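There are two complexes below, and they share chain A, which is joined by chain B in the first and by chain C in the second.
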Partner chain A sequence: MNMPQPYATLPNQGTLPLKELPVLSYSEFFQTVSHLLGLEGHHCVACYGHRTLENIQIICCIADDLHHTIKVFSCLAEGNRLVRLASLAKTHFPMHLFEREIAENFGIEFMYHPWPKPVRYAWNRADKTQVINNYPFYRIDGNELHEVGVGPIHAGVIEPGHFRFLCNGETVLHLEIQLGWQHRGVEALFLEMPSLLQRTILSESIAGDTAVGHSLAFVNLMESLGNITVPEELELERTMALELERIAMHLGDLGNVNIGMAYQLASSVFGTLRTPLINYTQTWCGNRFGKGLNRVGGTHYPFNEELAKKLVTLLDKVEESFSPMSERLFSLPSFLMRAETIGRVTEKQMRLIGAVGMTARAAGIPSDIRQSHPFAAYKRYEIDHQTLEQGDVWARMMLRSLEVKDSIRFVRELAQRSGPATNPSSPIKEMDLKLMPDTFCISLVEGWRGEICHCAITNDRGELAHYKIKDPSFHNWMALALSLRDLEISDFPINNKSYNLSYCGFDL
Partner chain B sequence: MLALLVILLSCTFFPGVIVKTKALFSGRKGPGIFQPWIDIVRLLKKGSVYSTVSSYVFQTGASVYLASVLVAALFVPFDQHTALISFPGDFVMFAYLLGLGRFFLIISALDVSSGFEGMGANREAFYSMLAEPAFFILMGSLAMFTGYTSFNEIFINLHYQDYFSIIIAIIAAFVLGNLTLVETSRLPIDDPLTHLELTMVHEVMVLDHSGIDLGLIKIANNIKFVLFSTLSANCFIPQTWSLGMQIAVYLIAQAGFAVGIGYFESFRARNKMAMNAQYILSISAISMILIFVIIILNNKI
Partner chain C sequence: MQILPEVQILYRLGKQYIPDVTAPQVPGPFKGRPAISTERVDEDALASLCPTGAIGKAPVSIDMGKCVMCGECAFAFPHKIKFTTDYKIATNVRERLVVKEGETGPISLDETKVRNEIRSLFGRSLKLREISAGGSNADEAELNACGNPNFDMGRFGIEFLASPRHCDGIVITGPISENMAEATRICYEAIPSPKLIILVGSDAISGGIFAGSKALNRRFIEEHPIDLYVPGNPPHPLTFVNGILELIRKRKTR
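Moving on to the complex of A and B:
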């Protein structure tokens, strides 16, 4: 029992001096990951490589959802020659993408990896001879089979991504999703951008539909590294903004799935409900997607009584139309026929691919950072948590609908609690922000899609030395691919829309 | 001649009324009634773009499609007013003229050799194959009931029978109405508004047609609509009425049919693709009811 643990334990948004970060040998590292992932309620939130002077440090963060902590440890791999390591993914499949990312970025080979493919063709990848046009697609040969390639340019005005369907007639045997077309080098840009403002704006652009979620993760991280505590009111406001984003995105997606099903009534009702919500965010902060709202140490747009009153009336109105429409939708036979049992992914599959957020919750996994690693106002106020078992299109839509209702209730409660106008603390000035030197920090946020993880490392002068982002789409794209197994190819669009995953969040 | 004129007349507003109805039901103002035709005129003014891998098959497909639909239109009577072409068994010719047009659309879709178009052609061929029995069972039973085998004589004599005619007319109109949805690729078989190639049936087949060719296909589709709705209207409009009255009721019935389609499409989701076959076969099953009713009426059993 008194054996020293091979890992450091942090709370969400906790900081850790680099010299206290355990450095294990790879076999110890391997054993620790295996051991921790075997325990109840543990999942890996980040595992990435960081190039030090002569080595590559692989840092692994495993979250303990039951005790609200994150266990962090690392190992070293030599940076100057070809390194071969035993693959963890062989026994712990959720690690497969982390290993693929490390392999792609640093040229480390993971032996016996079950799915050794490129991730996103990052600009600073180790092997520049690998190019996106030569992606090694999975193939099945046969006269009966055909391939349908879709994208990277799509008919709708959406982001680029290539989908390759291996079909037998109308039935899809396998769908392979190839991303990387949207790669911008965000992680590197965080280090290149000199000013805090630029970095904050950058964090809002990691995934345009999760502006509040990602910027909140960034701001929380900076505040922890800068040793800043923010007042309760500010946390309350940020939480409201995050939940408003969740409601708006869920409404938009519910509408979009209905467009895919050609159910006009629901698509126009949900679409119409989304607009006043994002317009409200614009009244609050001048941007419909909440850009400009989250700033380190304070805010430019303090919430006041007038805004609170407006918000409560708006939410009442939204709920008034939303409830009957969702009731009608979920009892409409033609909808149920279209959505039930379509694109089912089992809980076991979801656990294997390490799915997070609403995707996982729709398949019976209670993955929710708001509950397991509370941040901002979730530390004091609890929001209802929903999980459904089915894991099909119906479940993902039902979950969204339930979450919209919960979030409306929660935001209304917070808005009424927000009290009289607080004296706004303006954002901290650039020169006043002193980051702790030689420190590791991790920040988890539950965006509307799911778990957002930002990690940062500072150097001895207190400057950012490494920045790592993980969007929920990182794992969840695989869920879409699994959904399509043995499904008709014409069911792809509603499945895709029921997940609505981010291309740029994955490509970074 | 009168028949062709009323068909072309109702063509002008039919597609626009559907679009307008759907817009109004979703709380939007929607475009004007004639917008679909304005769009077609715009398309006709444009040139066509042809893929380098396509051949003359692709380039003639759209024209043959429109031509076959236009010729089929010559066979459709308006109540007791004879169609331009009428002979015993003309409904078989009518069905296969539409089939010919579809065949050319299908091979021109295959000609561009895109993964999507092949998929659409495959679906369209499958669904129209399933829809064919419904049409022939329906027309066959009407022929058996009236004792005539041309569109014109069938519709004239349908009204001179006893009150069973009304039941038969209702079933016939129902079957024709559903066939319209299949033939013109509307909900619940297909979604004409979708932008998702993977779920399309008809639209994906004509993805590579552009400009004037696309315009021709759209004209043909609009005429097809009205051909079927005219056939169903013929089951109802009494021949004893004056001509003006008949035309007025006909046009109102056409508009009503278009509003009906718009209403139907606004308040339901489309079928799952695999359910379509079942749905189309159920139309044939209903026309089977008709044939049994007629066999019993004619004391053949």
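Moving on to the complex of A and C:
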């Protein structure tokens, strides 16, 4: 005897006819979220508003990591008048940012929300009187306290964000991170731009350092909506590209943290090892960041035996230099002193803020879409999964180091498995792509930072009616803020670099 | 004995720097300056392919300031358009970024338009303040790479600094979001004169794939003279380094 469930169940990249998407009352919606988030292995991957003709539909996707499914349901909030809803964030804090985003975009008020603040000052926000220079920072008044404001323009060549430190002497009591400076209106552009190629290139530019990850989420989504199955070889290639991006970014970040620590040898060695890897990607597809590689239905740059041979030789060489450097680094007392216990965020805190990806894995949470909702070649081949307990700078660096080795091993295995290029399919022609009408689709990918989620809705003519993007940094910026609690302000740079979160991925 | 592992690591890594940054070849599929043949094609079909409207008709041309280097035109019309591996595509004149059919010469700077003080003051030392204004972090990563052990532009006295007060110019990446428009202006004003403005990447030069987004504010670009355009998506570090060298290098006067 099965009770009807208040949600539809989808696999990763599953599609759902809109008429089968449950529309609940808000109290049912509230209860369903509360119930599901209380179950083991469940977390919310997306919850967002979508303006329909008369209403705002709030769609919630909760992933069941144990059973590899995603539970989808929705509710309606009336448009055109002030709507007040009870906040879920009060009891389920990971929902806080989803609710803030809905509040900012649609003017819906969430009552008893613990942290009701602007998110990114999107151009199409509900209240245009809210401007980025007037952000309501948290304040503590006291004779002994002072504030340090940094940004939006920082010392280095990095993206803009504002950091407000509330300090007692050198010790940080509270760090508030204000984002939105990078907002380019990406989600709206997905609908405004009519061509598939434009949208594909847009997906590569959501976060330039995750070009492969985000474009993979996009092409997977389009292929599901367009009923296209891609050959195994193509999935293999895409997986290799994604892992190469992971290795290159992890190497770059290991180098960057060492710049912050003033350990020049390691920063040079790791930084220098990244170069041949991204140059390899350039040899493959002409772009050092893998732009141009992921296309719907096929590829312009089929992997071949020669590329495979080159790749295996390169990975051997990288590993040969990487291993002794990493061994040396993690045995240096001067390094350990700077990294161990610094910027520690506990597993409990990480669960509370809904951290994902490597940020979560460095604090004891096995969050990994490659395992929980496999896509591309991860459906057939398993990569080793690492989880560390400490949640400090050391753990985030050690995890990167371990993942570099795992990914090298995995890519080498895939490269050797890939046969000679068997009639590589070209990307699908624009007019041949027919998206299913009135359909919802969700696509999850584990980028190097963590869980990337793209959702789309089509209208009755099979055109995109809504597009929603979530970068892992959406959740993880809060982890950096927590890391700084009771830490000396001078430890900020190494903490920031140990996370290396995305500004434009958050700001969209 | 303590120092030995470090020495071994360095030895194994070997020499990394590129001795002459004006000379290296980049591998085949890299897309640099396009070469457009005079072959007759359906120009409407060709132009409509381009995701950023970079392809012009009669004569067929590609605006490198708009091009996002996807290469789709070269795949569809392989006899009409080829992308060469020539990465020296930076220039100080916006119109020179437009490559027309039949043109095979390199993209170069207009010497007459380079202000005198640029070479007399910045020829041996150029300090720059980078502003990411909606940049996707790919352009920024490539600018960081310009200073790494491989490209090492520090050897020419070119460097990114933190304070605009210590700088000779700004480098802008990204299409300039509305939310960054004021910060961009304030930062530029904080730099002592004479000063440069360098645009890096198609996003900065034309808005790139984001052109037309309502979240942008490109007034700053319209109101200020630009000293160097460095096209690409993102530009290769060699494009940036060579472009700057061309701009500041003291040349023999003819």
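The rule is short, and it goes like this: the second predicted complex is superposed on the first by the 507 of 508 C-alpha atoms of A that agree within 3 Å, B and C clash if a C-alpha of one lies under 4 Å from a C-alpha of the other, contacts with A are read in each partner's own complex, and residues count from 1 in each chain.
Throughout what follows, a contact is a pair of C-beta atoms (placed from the backbone, for glycine too) under 8 Å apart; a residue touches a chain by one contact, two chains touch by 3 or more.
Everything numeric here is computed off the predicted structure, so don't read it as measured data.
Upon superposition of the two complexes on chain A, no clash is found between chain B and chain C, which fit side by side.
When both complexes are overlaid on chain A, the residue A:434 reaches neither chain B nor chain C. Once the two complexes are laid over each other on the shared chain, residue contacts for A:147 go to chain B alone; chain C is not touched. By the touch criterion stated above, A:202 is placed in contact with chain C alone, chain B being left untouched. Counted by residues of chain A touched, the larger count belongs to C, out of chain B and chain C. By the document's definition of touching, neither partner reaches A:417: not chain B, not chain C. Of the two partner chains placed around the shared chain by superposition, chain B and chain C are both touched by A:268. Chain B and chain C, viewed from the C-alpha centre of chain A in the overlaid structures, lie at an angle of 60 degrees when rounded to the nearest 10.
Of the two partner chains placed by superposition, only chain C is touched by A:159; chain B is not.
Once chain A of one complex is fitted onto chain A of the other, the partner contacts of A:139 are absent, as it touches neither chain B nor chain C. For the pair chain B and chain C, the least inter-chain C-alpha distance in the overlaid model is 6 Å. The intersection of chain A residues touching chain B with those touching chain C, taken from the two complexes, comprises 155-156, 265, 268, 272. For chain A in complex with chain B, the touching residues are 146-150, 155-156, 170, 258-265, 267-268, 272, 332, 334-335, 337-338, 342, 488-493. Note for the complex: chain C touches chain A at residues 5-6, 8-10, 12-13, 16, 26-31, 49, 51-52, 68-72, 75, 83, 129-145, 148-150, 160, 162, 174-175, 177-180, 182-183, 187, 203, 208-210, 212-216, 233-234, 236.
By the touch criterion given at the top, residues 22, 25-28, 115-116, 119, 187-188, 191, 193-199, 265-275 of chain B touch chain A in their complex.
Against chain C, the residues of chain A that register as touching in their complex are 121-124, 132-133, 152-160, 180-185, 188-189, 192-193, 195, 197-198, 201-202, 205-209, 211, 252, 265, 268-269, 271-272, 275, 279, 282-289, 291-292, 300-301, 320-321, 324-325, 328, 502-504, 507.
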